[in-house]
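Read through the structures below before going on.
Below, chain A partners chain B and then partners chain C, in two separate complexes.
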Partner chain A sequence: MSDAALPAAQVVRPSRLRRLEPVTFLWIVLIAALLVLVAAPILKMVVISFEEQDTGVFTIQNYVTAYGRARYLEALRNSLMLGTLSAAISVVIAVPMAWAVSRTDMPGKGFTWATVLAAFIMPPYLGAIGWILLAGPNSGWINVAWRDLTGATAPLVNVYTFTGMAFVIALHSFPLVFIFVKSALDLISSEMEDAANILGGGTWVTMRRVTLPLVWPSIMGGFILIFLETIALFGTPAIIGIPARINVVTTQLWQFFEDPVRVEVAAAFAIPLLLVTIALIAVQKLLLARKGFVSQTGKGGERRQIKLGPWRWVLFAWCFAVAMLSVGKPLTVLLQASFAKAWGRGFSFDNLTLRNYQFLLFEHDMAPQAVWNTVWFSGASATIAVVLALLVAYIVVRRLMRFADALGFLAMAPFVIPGIVMAIGFYAAYAGPPLSLYGSALLIILAFASRFLPIAYASSQAAIRAVHPEMEEAARILGSGRLHAIRKVTAPLLKTSLLGGWLVVFIVASRELSAAIFLVGPRTRTMSVLLYDLTEQGNFEVVSAFGGILLVITLAIVGIGMKLVGRDFMLRRE
Partner chain B sequence: MPRLTLSGLTKAYGRLTVVDSVDLTLEEGEFVSLLGPSGCGKTTTLRMIAGFVDPTGGSIAVDGTVLSAPGAVVPPERRGMSMIFQSYAIWPNMTVEENVAFGLKLRKLTREETRRRVGEILEVVQLSHLAHRYPAELSGGQQQRVALARAIVVKPAVLLLDEPLSNLDANLREEMRFEIRRLHDEFRITTVYVTHDQAEAMATSDRIAVMNAGRIEQVDAPHLLYTRPRTRFVAGFVGRTNLLEAQVTSGMLRVDGIALGPSTQPDGPVLVSLRPQAMTIHEAQPPLAGPVIEASIAERTYLGESWDYVVQPHGSALRLRAAAAPLEAHEVGRRVWLAIDPRQVAVVQ
Partner chain C sequence: MFLIDRRQMLALAAWSAAATRAWADSPMNPQERELYEAAKREGEITWYTGQYSADASEAAGRAFNERYPGVRCNVVRSTSQVAFQRLSQDFRAGVGQCDVFSSTNGGHYVQLKRQNRLVKFRPVNADGLLPILRRPDPDDYFQSSFLGIYLMGHNTNMVSEAEAPRSWTDILDPKWKDKLAVGHPGYSGAIGLWALQMRTMYGPDYLRRFERNKPQVGRSSIDPVTMMTAGERAVGVAVPSASTLFAASRGNPLKLIYPTEGVIAAMSPSGIPTNAPHPNAAKLFQEFQTGPALSTAVRLLFNESIRPDVPPPEGSRPLDQVTMLAPSLEEAEKGVPEVREQWREIFGV
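What follows is the complex of A and B.
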């Protein structure tokens, strides 16, 4: 009674050919791609740090040069201090917010979420520019108002200081701590706290002895991530730190790239950044993995909101203040400046103009090109990253190959490599002969794809894990080949999450500065690089207008993402 | 010619042999279960039949054509089989109808023919009214029916099922058991059914193959498996039993000196399986021809459908489990007589 519709089943294939499945071939292609994108740049960077310029002879002179001047060592120390201070401020800002949103009856939770999302989306260098307009020592809004009010001559606040810079960085980094801590708090059941209460612990004792220890690893995890982001950050230290004569590792690396370019010394100087990052990521992994308690404690427990009484308004005031400082005020002054003839003249009708936008969009010789560059570099790199990540994740998750894990390791490796280090690696490996890709679109796209591969990989891996292999097997046993099954069954199921991954990579790539600045040529500048160049020229009205354009593009993409993928697609953990 | 033949089928992962020279033959239209404890290699065997796993030894043939042998495996899509998975694997991006039509489309049937056959099979599994729903809108039992319909509609040479009922709750499981048997009686598709639930295997199968540690211990009809287990493992795994060390002396089987009946075994020690149901408890000595033992009740537990007694034969340290109907209540410590049905005494290896 069986259908003879699948006649091929009658044929025996003593196939040696089966050994050379397409998967094997694909695996070789992927390994090659990952070597080009990930391994070669890093290895090359390490290698040239031991080479003499031009001759390539082994030397340790680069290290002697890089660590031989007090100024360079101070940059190193400044970076470490800046990272610590920013991370500490972020924790102070974010932990009360996370607790309030997760566990209490504080009003305005939606508003707080929106704040976190907005602070996360806003490129940090735009925040820095906003804060220059707010807290510049002479004409910053806050200081002008302060002088008008009190008649004092000294400024109230000054952004061009070490703490000012740390503060501005923290205002755009705290969302990471918020997300870490909130997801940990979400998993603690009220019963655990009740258990402590019944034994006689008051609210504060319970919080100190039970709740805090449970979320401590998450707080530390967030702290470490922000520390690492800060020491690898280029935009804010360049925009605020250079005028303030505060030198950090990233700005010092940038100076090694001024004429004459000393890549070898830069490479040597970047090594500590790489080592510190690798070490701390390892520590963070240990912290979050040890005991694994957070995930186990959440089982089944019910979660009640803590009634705060009047205190809930205090917490709300805190969240509101953070919203104002991180997003509200900087954005207001940026918008004002972008529509102003001279931003210092304040809000008045005769100060209003569209000149800045008009200038950028129709008269500036580089701005429209930069907008286009940003869109297409981001789009291309997001596509490469997602396709590569998807194929690797598929092979790894489905265990199609013996050495699949090697692929996964390479795909995740850029996670422990600061963007600026990656950029130096790409410069060292591909900028000069024989490929001479310096300044080309290809080089930037590849660097972006490599840098954000881990984001794409993590989301692809999660997506593929969520599709049961039996889904595909069910198609195959009914007569469809491996590729047909992937096309008909797996791909449609992955579509949404892949789109989400693509959009996230697009957004982070579109605002990327620290890698781009080392790799762009005159015609391949991205919006972020051009924005930085404009900042150096000091015309803040035009800078603000350009920032406005960048924000509109970002918001459009975020909007599309929320509509197609879901509201939380940017802030999902991992 | 048998429909499906496994001969010496072996699978090893490194040095670990998980399926160990399995021989099994299914006639056309036969329903055979692979029954065994977790990790004994049932799924691996089934997936080798489906072509998802390559054997390291032996072969699989359908209608005399070898489909799997080490190094030469016809891929799953060209075997003309169907499989039902533990997770159902209903594609959530397709409606019930599209799910069921998938295999037919691949067989290049005309649109008319496809629609007709999908309609028919949905009728059979009583899902016609849900044809245009998406799987997310179906209950577990309904999803199971979709999986059945999708697998049966292509009229496969062999149907494979891997613990298809393990995700259902107890009542539904019982219902689906009968459903599966009903569909088999209607279509008579040669079926291999994997389960670790013996009630399920008994209710559905023509024959059951009991697996242990990668080997098949016994293949028999359900009632024979129960009453005449051939190995110690089968006796213990299928139903509960009393495993007793016995002696054969001059053609007579004895446990602790108590004669259980004649035996064809050579003289020497043997292992005997004696089901709780093979004994009846009497308060007075019964006038029976078979073996009767004087004993006393040591423990008792009431299980609702039956009594579970532990009885101790007089002059012996043996403790035997015996079952009795609910009204047959005997006090603990009471002197009783145990009548043993000699046909249900099985010598095992």
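What follows is the complex of A and C.
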């Protein structure tokens, strides 16, 4: 009896020890980190939206204030309409491009890819400034040329309108639709199109009746994402919307931060943004869930390019026009302005100057500091996000813990939180006592890390899924511990995709405005915030020069990324 | 025209380079010297300002660094209402980051003083300011640092001098529809003062009638200067004389209009918040602002000198020849938030 009991006890003890392996502590640390980064700011925001300022007594007065005025409701309505219109324009722009690149023999596919990438990395507020220079009703280049050519007095285009603003936003959002739709189209085999052809459908009918319906969920998915990005956008509505007299939710939130600072009312006003986002993400999940049986049959299938004949030049013209409107023209006028004494005077030698760059780099007290802040905040937040995401993804994918999915849920949650709402949550939770992080670099780094955690998580998850556990198991059988196995086997295999994730987070963080705007202090202004401050005076020459510096930094990072990770690292859909 | 301007500029630059050096070397008063020694231990001062333009604020910061080596000025330039918003966010979070706060809206100081958020301090140099600026607060919680002249300007290629509006009520004429540009009282403190002054003089209907002409609304009062330079709008309303003259000096076809009723004069103070992290450097900065070094630096960028011993800028009308209109600080405290709200109801933003 006692002889039998002894071995049993010996078996139990090591297994208990094994349960206390480092991964348990890691799990606890991760939960704590995610609570600090994700759950606390959001909970705090929801809580204070029901609190009276100073006393903290429960009240619904904040909601009454936030929705008690026609103007505030108008802002909400404007945001919803702007989101819908921008998303619709993006779909119109991007779907033909995606179809052309994925399914047809259109020339210039590399060029189209480059356009999509360039439109993606250009910060939306820079595009907005470019378009003010292009499509100001009187001074915009397009309108000046139009008047010269036709003798007309009315402007051809006006950026200071609702459609103008939606169009400018769409020109920098469409890459999301493109990526979604193209990757879905890539999965459809030509057999389905062949079937339609055999039954008498021409290219056009087939595309409309067969191909596009198959990728409908992806189109909707892209539409929803752009809608959400647009309603959370701050820079473009502030730069174009104020002269155009269009108030939206984000600019209204800014007004609630005027003295007296009403964080509580801002929180109450931000809640619907959060609810709309959650609802739409749910819709998107439903739509994308159907994707499995609409296009992926599990069979290989043949993929052939559709021969378009002369029509391929029409499609190429479309892609070329998009390239000009989204990147070519805005970039040209921004560059011109950045080297101009007065941009309105156009291209001429006596209008050329380096003064704008000189002012920023050598005379401006804050600009070099802002450049440095941007680089190191983005780097630090990308590192935090990637490390955290990798560990969470590892636990979730390998199902190491019972509640692993809770971790995954928390890591993805910031995806449904608009940046400006996140900033209000961080301000409410950490700006004041007891932590008093307001004005510190840490506050912004944490906010950025939290905001872009989902991007890092999605790429880590995909990367870890791709590494079969066998390799790690082999290491463990040979006696290495789990963390050792991760360090020596898994991590080296993941290096490239992790670097890709890190770079994407770095780039989106380096241009982030809405999450930074309420959190920066005098010494922690980023380039995006300083750029926003500079636009107040309408001094477009200096603003453009600063935008030029920002683009050079971004391009350098993208270049490094392409070299190390592969040309399509920004646009891979993971 | 261009040549003459440039020659003037060169002469001016030569003169002022010499003058700046002279003032940078000018002796410190005993209080200033004492503060400088204390400030060196603090090392820096953070200045939230909405008074001078971005260029002039940076120039002022550099002049300070030059005059007081070892103490660095961090210039945080935005519109005045945004600067005040940031200061309020600091107070709300309980984190002191601002050492000196400079706003064009004097009402901010009445409010801050009432809330016991300002440090009592009188710089010795304040005795040498223009008489009207010498003592903005009898209790010395804030000191004058800025005299801004806000008037109208026009693009001479788009509107000739004869056609240009002459008074603040001229711009209500429907013939100016789609031709005007203006800043925003939710951002610019000076536009808040202007809107309040117009309401006081012409009644609450003024803004509504002004809106019918669909002025282009920017944020800063300086924004319309860009709009005029670009040819986007012909007439800038309530633009600062300094930025307009500066743009004209760079070869842009701009001219000032002194409205018949008078110009808006923002006689604006600066104050030290009670939670300033560098209190001695802040006091030193107040000595700097009220002393000749600041006026010498900013007059190069066409800002008014606030001292009789520093000459006024080139090209602007001497102050004793213009009528200056200005709401009192108390009126501004109450009135500017009111007109800002009315503005938003009328303009939608």
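As a convention for this text, the second predicted complex is superposed on the first by the 550 of 574 C-alpha atoms of A that agree within 3 Å, B and C clash if a C-alpha of one lies under 4 Å from a C-alpha of the other, contacts with A are read in each partner's own complex, and residues count from 1 in each chain.
Keep this in mind: a contact is a pair of C-beta atoms (placed from the backbone, for glycine too) under 8 Å apart; a residue touches a chain by one contact, two chains touch by 3 or more.
Fair warning: this is a prediction, and the values are worked out from it, not measured in the lab.
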Next on the checklist: For A:359, using the defined touch cut-off, is the partner it touches chain B, chain C, both, or neither? Pick first, second, both or neither.
Outcome noted: second
Next on the checklist: Going by the contact rule set out at the top, does A:480 touch chain B (first), chain C (second), both, or neither?
Outcome noted: first
Item to check | First, second, both or neither for A:258, with chain B first and chain C second | outcome: second
Item to check | More chain A residues in contact - chain B or chain C | outcome: C
Next on the checklist: If we overlay the two complexes on their shared chain A, which of chain B and chain C does A:492 touch? Say first, second, both or neither.
Outcome noted: first
Next on the checklist: Quick one: is A:468 in contact with chain B, with chain C, with both, or with neither? Answer first, second, both or neither.
Outcome noted: first
Checklist entry - Which chain A residues come up in both lists, the one for chain B and the one for chain C? => result none
Checklist outcome for this item: Touching chain A in the complex, chain C uses residues 46, 48, 53-55, 58, 61-62, 73-79, 81-82, 84-85, 87-90, 92-95, 97-98, 111, 184, 186-187, 216-220, 222-227, 229-233, 243, 247, 250-252, 344-345, 347-349
Item to check | chain C contact footprint on chain A (complex, rising order) | outcome: 71, 74, 136-139, 160, 238, 241-243, 245-247, 251, 255, 257-261, 263, 341-344, 359, 363-366, 427, 431-433, 436, 438-439, 518, 521-523, 525, 533-540, 542
Checklist entry - For chain B, which residues are in contact with chain A within the complex? => result 50-52, 62, 65-67, 71-83, 85-87, 89, 91-93, 102-103, 106-109, 150-151, 154-157, 160, 187-189
Item to check | Partner chain B, residues of chain A touching it in the complex | outcome: 1-6, 8-16, 18, 468, 470-471, 473-482, 488-489, 492-493
